[in-house]
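In what comes next, chain A is part of two complexes: it sits with chain B in the first one and with chain C in the second one.
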Partner chain A sequence: MGLDYQLVLWNKHKKTYDKIIVLSMLLYIVLFAVITIAFNSETSIETLVIRAFGSLAIIMLHIILAIGPLSRLNSNFLPILYNRRHLGVSMFIAALIHGGFSMFQFHALGDVNPVYSVFTSNMDYGSLTNFPFQVLGFLALLILFIMASTSHDFFLANLSAKVWKRLHMMVYFAYALIIAHVFLGAFQQETSPFTIGIMIIGFLVVASLHLITAFKERKTDRVKTEEKEGWLTVCNISEIQEDRAKIFTVDNERVAIFKYDGKLSAIHNVCKHQGGPLGEGKIIDGCVTCPWHGYQYLPSNGQSPPPFTEKVTTYELKLDEETVYINPKAFEEGTEVKPCKI
Partner chain B sequence: MKKNDEFYVPYIDGSLGSKTKKTLKRFTFIAIVVIVIGALIFSFAQKPFKNSTFELTSATKITGTYHENPYPMLRVEVADNTFKNILLLGFGKSSANPFLEKLHSEVKNLNGKTLNIEGNLIYYNGKTLIQITDDEKVTLKNKKTSLALQKELISKMTLQGEIIDPKCYFGVMKPGKGKIHRSCAVRCISGGIPPVLATTDNNNISQYYLLTDLKGNPINKDVLSYIGKPSEITGIVEKMEDWYIMKIDADDIKIISENSSIY
Partner chain C sequence: MTYIINIFLGVLGIYFSIGLLFGLYFVIIGATKIDPLMQGTKKKVRFLLLPGVIATWPFLIVKLFKSKSI
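So, the complex of A and B:
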């Protein structure tokens, strides 16, 4: 958490993370270049750059898309999620080099503006095999640019977490555009079953991980419950671990019910920072701590401890013998609710 | 979600537990393996590039007889009584004409005049082209007019092939043909670079035809929608020493359903 905005709030883990990103990218580029020059030496430097950075960006995008569901399935992956935006910006840089070189190579130094040329040099929009695939890549790059340029807490705070999250969910649209860009472009001419195969495997891995996560979370959302005088049955108290939470869905909103210091408190499950699942977090120093970036909230009022100002909605709980009940009506963000004593 | 007792908080030193560290190491290892496998697959799977050449960083001075039939060329004697017609091109995706304007203003008819031209050579498969980047590098060597170039009528022919831009195809880009390159070829030909029909026979021998309209004039704009697509073209073929010229009606070009290929 930070009060003011800096370009990057460096720490030891971020530095290690970034070193691994840079070295891996260099490893890919060097390997690609050395193999191409050694075994296909008639290549041109521009083609080498376009292909090396384009294929690198696609591989990185698959890794980025796998991190989200992996972290939802196993909390051990969370430190990778924590600094994922650095990986995203690095992937955008690789994609920009690919797109920039391609635009210069194929569309610049001509009789019209290069951007206009991207959209008009091939007008076969009605044909699948002749489709102007470069348009798809251009649009994907535009989305990645918007995402990379807003990958900072300044934009997160000013756009609001909801808008920011929606904006960054566009990565899936960009992914679809990129898949179409490759299959309607490069793979029309470079028809190796190995390259096509690796792309299909990549897609299947990403899609499977997302589906597994979605099915698992759907189970949580569809837990049947009983209503008793306006209160909903949540669970037996023994099902909630100390300093941890149970996620329960009320009126299509997920609520995190925490057990700590002989008390129970319920707050909205969605972190105001990046929409992280607070119910997968932990009570540290008396505060609910988000598993994604460590943002904190007081369990009794859903407010970040001063001087921070984030607030989430709160809920009322009651305990009848060993059964936990929740009042489905949410209080205003930051409303103090007396914790339920165990 | 699979939880453990460990809980990583970025700003708390020592919160990275041993189980989490192990997972991170495994993930990093797998990611690097994916990177290496990806590099191997994407680099080894590339189709072979042709041995065309573009001498971007070195300039060559050539001397020969200028002619426009209808595209600017320089007829250069490469050995005793052996001539090569070098296609003249401009910088980027433009024709040579802007770079010849200055000389045109000084000498009304350049046809048959001997010129010195310094530029970047492009060559492949017996054909040579030169890129002119500076009009100062085009000079008149001899005002005397040489005999007009003779063209020999071959016949009316129907050929299958792909319309390419010769600048990229003969060396500037690899690949310089096919779908990936189509937009670039459209820009080049739209910018004045002569359209060329490239054909390949069953023995993989390629032949090249400079395309003009039926009157022998440049045909750049009319062929834009056919560029980079396998096509069948009917026209009158003439031989001009080491080049063929094909006079066509653009409306008669038929797109055929064969797959476009790089080479």
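So, the complex of A and C:
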């Protein structure tokens, strides 16, 4: 939401979060180095860097994957979600240092192209215990590169939200590659139950959070509704809090029905910026405000206030005594719909 | 297996080479033609976009052709 693109969209809070990210990363690296040297003083600096940044990237990836479902389950996590993009790029940098040093140490000192060497130095592709696990890491790094390099509003606007979202959903494929990379690689030598246990717990936490969130949302989507002369029954008016919304599913599309200033308005639930859930936001200064990044829309027409240009579809509502009804037919994005008076 | 690896890495190399050539044109000239917000965007921001353009050039080249203003 702006008149030109900025290098980084920073504000006071984001700067604080970024400082926390950088300091936490540095602290982890220092602690990892101190502990490694204390227990194994013969570890080379290259190996130390590879292990420290590799484990750091994996920890960060688990946090990133947990943020989404956590913020859907509890709004207290939303502020962390706002900074997930910066966390993702920081994680890619950690993974790049891990991958870069690994390629340098193991593949760049011969007379074969280092990338070619990653794929061909071990051709035991049929083996499970001696699988060329570095290939998996390379492919995961490639996906993380695509994601990090497109983590800018320009790409969201010009690749379309649908394509951008699909590209960024590849993080789950990258995660699977990384899990396989670690288990077929590092864990073939590293047999400490503590390290392997942490990795398994991390996977279980991420998977459980996603499943819990999916079941919760499925429940919302499957609410049975009555149809009355083409209108769908939504809820009793008292179920919607002032300046907040109720999310209702119409033809497999989520709609946010807002109550504000003695009126009701309905707009599509998906923010045009990064697909944030508008119905989990609130009315601020007369505008529906996305809980993810603060993008705003006028509730009566789904348009961002001028000079901004984002638009979402709108829906018609009616109130019969205490019951809210919605017309399932969506209007074009940005269409003015007279708010329903309470 | 070596044959598959050669093809995969060859395609990857070609993809990124085209991406780099297109990317340089795109961040300097092309991006402004498909996105009005790029008009006021500074050079350092344009070059920050270069890696992403290299990664996603097929999508952007289609959008550029559709804009009919190459």
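By our rule, the second predicted complex is superposed on the first by the 341 of 342 C-alpha atoms of A that agree within 3 Å, B and C clash if a C-alpha of one lies under 4 Å from a C-alpha of the other, contacts with A are read in each partner's own complex, and residues count from 1 in each chain.
Assume a contact is a pair of C-beta atoms (placed from the backbone, for glycine too) under 8 Å apart; a residue touches a chain by one contact, two chains touch by 3 or more.
All values derive from a computational prediction rather than experimental measurement.
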> Who touches more of chain A, chain B or chain C?
Replying inline: B
> Which of the two partners, first being chain B and second being chain C, lies in contact with A:His152: first, second, both, or neither?
Replying inline: second
> Touch check for A:Ser192: first (chain B), second (chain C), both, or neither?
Replying inline: first
> After superposition on the shared chain, which partner residues are touched by A:Lys263: those of chain B (first), chain C (second), both, or neither?
Replying inline: neither
>> In the overlaid three-chain picture, which partner chain does A:Met123 touch, first (chain B) or second (chain C), both, or neither?
In response: both
>> With both complexes superposed on chain A, which partner does A:Phe32 reach: first (chain B), second (chain C), both or neither?
In response: first
>> Can you give me the overlap between the chain B contact set and the chain C contact set on chain A?
In response: 123
> Tell me, which parts of chain B touch chain A in their complex?
Replying inline: 1-4, 6-12, 16, 19-20, 22-24, 27-28, 31-32, 34-52, 54, 91-94, 173-175, 178-184, 186-188, 190-192, 225, 229, 259-262
> Can you list the residues on chain A that touch chain C in the complex?
Replying inline: 2-7, 115-116, 119-120, 123, 125, 145-146, 148-152, 154-155, 157-159, 163, 167
> Any idea which chain A residues touch chain B in the complex?
Replying inline: 1, 11, 13-14, 20, 24, 27-28, 31-32, 35-36, 39-40, 42-44, 46-47, 51-52, 55-56, 59, 62-63, 70, 72-80, 82, 105-112, 117-118, 121-123, 130, 132-134, 185-186, 188-190, 192, 194-195, 198, 216, 244, 280-282, 284, 289, 291, 293-294
> Inside the complex, what are the residues of chain C that reach chain A?
Replying inline: 1-2, 5, 8-9, 31, 34-35, 37-42, 44-45, 48-49, 51-52, 54-56, 59-60, 63
